[in-house]
Amino acid sequence: MTSQRHTFWFPALLALSLAAALTFLTVPVAAIFLDSSPSALIDSLGEPGALDALWLSLRTTAISIAIILCVGTPAAYLLATRSFPGKALVVTLVELPLVLPPAVAGIALLAAVGPAGILGGAIEGAGIELALTTAGVVVALTFVASPFYVRQAMAAFAAVDRTLLDASRTLGASEARGFVRVMIPSALPGLAAGTALALVRALGEFGATLMFAGSFQGITQTVPLAIYDRFSTQFDSALALSAVLVAVSAAILLSVKLVVGSEALGGAAR
Amino acid sequence: MLRVEAQTRLGALELEVALEVAAGTCLALAGPSGAGKTSVLRIVAGLVRPERGRVLAGGETWLDTERGIDVAPEARRCGYVFQEYALFPHLSAWQNVAYPLHGMRRAEKRERALALLRRFGLDALAEARPRTLSGGERQRVAVARALARSPGVLLLDEPLSALDARTRAGAARELGAVLEEVEVPSLLVTHDFSEAAQLGDRVGVIDAGRVVQEGSPSELAAEPRSAFVADFTGAIVLTGVAGAGPDGLTRVALDGGGEATSTDSAEGPVAVSVYPWEITIEPHQEAAHGSARNRLAAEVISVTTVGNRVRVGLAASQPLSAEITDASARALELRAGLRVTATWKATATRLLDL
Amino acid sequence: MRRALLALGLVAALAGGCGGDDDDTGGASAGGKPQLVVSAASSMTEALTACSKSYPDAELKLQFAGSDELAAQIRQGVKPDVFAAANTRLPDELHSEGLLSKPVVFATNEFVLAVPDDSDITGLDDLEATGVKIAIGSESVPIGEYTRESLARLSPAQEKAILANVRSNEPDVKGIVGKLTQGAADAGFVYVTDVNATDGALKAIELPAELEPNATYGAGVVEGAKEPKPAQAFVDGLVDGECADALKAAGFGAPPG
């Protein structure tokens, strides 16, 4: 009789925890779509400020992801396959923005490349403007999102069997060719996952962008900033923009699962 | 012709080798793990640079540390078959084989790859991914890939060790046939002497970074130069102290009791080497007959059937094993615990330095 | 048996925690002083933080943001004890919606043009030149409303020229001040109290009287506040008490009349 009670309580507690977690996580997300009528949401999306914010978020995120992929991939490869003195320190530095709260990231950027920052004079002298510009938004997004990608990429490259690279070299491909033709395809699921993480981080970036680049429609007011601008007086518009971000983030998550999934299935989908 | 000389320290191992392989022949480097065999392959392929060394292949100098020549691996025309095959998992079988092909259009690459796969009986699996292939099929794809761009040297790292026992026999025959056909020098490494004997035209036994003996497989088995080589080639090795014996023969007092006679001359502590198939088993207490001079009383420990032969594990003052026919084993009613006499000829007894 | 008790205990704790919401904000603290949650406009950050340290009658929990955001929270059902805004429109609106007691006007603030202390800008005319970068408040925050109101009193050409140089619509005055002190913007419209709070990093340029939007600050007790009496006392104290003195020291003006 007593053993029956044991087997009842524990699974019940597990189920209760899951129900609580699920409710807590899904109700706010569902509320975004349910708090107002679909027609009101769609109407408010059409207004120019909202469209500007969406287009700006799309552009800046795309550019920053492109930079992260181009610079981060070779860097991650180096860190994953070579050792050198001080490597642990370098890895920690690369991962640092990951653990920085967005506000701290904003301060850091201002202190470094802001007009009054340590490199500010040099940047100004080179004729580059970052504060209050779209370029500044890209800088902020790249700073906060790159560790998400680099970390995943490092793990993905490190997990690839090194003899594959040896084989590639004995088959006549230089190290660079081997990197492109063997390393990257083998590491692809991990790279895709890292890209997705960096993407959603960049899309949702708020604090560092506001502090470093400011908030101006069409130039620096990305979707999260537009939501913040609207929530006090145009709640429907804030809901609509939030709904778009949720939908896009969900789409990104799903696509990554498809990419990783198709690899596991033997690439039939390719 | 392939010539490789290398002197280098690898971790705790001091590697010092000088090998030559004639075109169209296969040299099998056999030795225990850690002996440095794979390192020799990697030096030839250029994946590792020795402190001092030279690699000459087909008239080209690939490595000469004295003259500062070190051709990059991708520029050396080596076909390397890795121990676990290292097939690219994201490419199909034909794409793997076509990987080394350059300077031709995709259709042509595919044709060349398919032709090679056909030669190995794999053309039906051309589009398959490595993960769906069996061990034997993967091994063949790896060999095909290594041969795809007509290499100047063929290198094989334990090509059969990743296969299960059943597949191994067939794969060994096939690989032997491929090695016969190939017109360039082949260098193969293995930890299994019988594999080396089967696939290699010549065998080099390597231990602790040095080649201790090189020759044809039968030379090594018949005339091992050291206890290590004898043991490695499958002989029984007993220990004892040798001294002069009657009739110009050497008598060895075996450690633990008993004695053996040999036509070899030696003195002092020696290793006594004899092959299991040269040992006969007679019923205990039977009087000696025949010319075999060595007789040891022993107890049967184990009886293992291998095809139509039987391996009998024996315990005398030291362990022995004999290989006799299944029919004889049954006639003698061999079973564990039975007391028998092991006999063999003095002329089949080798005496080696310990 | 122990496992079952542990599970029971966890479930009970969860249930208890989720249960009534009677005991959270505004309950009496251990020292016996009531706790007051005060939502106040960003421009009062320094002044109220200073007087909260020695406020005798309650323990003040202050939160600062743009007045419009704070009002939106109250509309969404968040219940601080006191709402103090940088205008009178928002408190009046909340009062007419039944969310706030009748507001009290407790201070005025001077609306100024702020520039870095080493700036060459001396007046509004300098803001029309191309390449000048201006930071102002967003449309819905009081400082932003005052700015647009004030600029609307200029000639249409001047207003247009100045607005064309705006590069950021910040959610609160602290954001504008930040852009100025970091050198990202050349000029911004804030309150004189904000300039004072920067201790000399910025200088304030006074505007002609006809352009002053008369920034008037109103406050009230939120309907349903946990501690209405101490809350009302605090609001009254903004007019004439410890915190009123702190506001004056920061540069706020006395309430009209």
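Letters A, B and C name the chains as they come in the text, with residue numbers starting at 1 for each one.
Note that a residue touches a chain if its C-beta (ideal position, glycine included) is under 8 Å from a C-beta of that chain, and two chains touch if they have at least 3 such contacts.
Keep in mind the model is a prediction, meaning the values are calculated, not measured.
Chains A-C form the pair with the most C-beta pairs in contact.
Among the chains, the centre nearest to the mean of all shown protein C-alpha atoms is found for A.
One simple way to say how far apart two chains are is to compare their mean CA positions; for chain B and chain C this gives 85 Å. Between chain A and chain B, the centres computed from C-alpha atoms are 54 Å apart. Between the CA-based centres of chain A and chain C the separation comes to 33 Å, rounded to the whole angstrom.
Taken together, the chain A residues at the contact with chain B in this complex read 161, 163-164, 166-174, 177, 181-182, 185-186, 188, 263, 266-267. Chain C makes touch with chain A in their complex at residues 1, 3-4, 7-8, 10-11, 14, 66, 68-69, 71-72, 133, 135, 138-140, 166-171, 175, 178-179, 181-185. Every residue of chain A that touches chain C in the complex is listed here, in rising order: 2, 5-6, 9-10, 12-13, 16, 20, 110, 114-116, 120, 131-132, 210-211, 214-217, 219-221, 228-229, 231-233, 235. Note for the complex: chain B touches chain A at residues 45-47, 72-80, 82, 84, 86, 88-90, 99-100, 102, 129, 131-132, 145, 148-149, 155.
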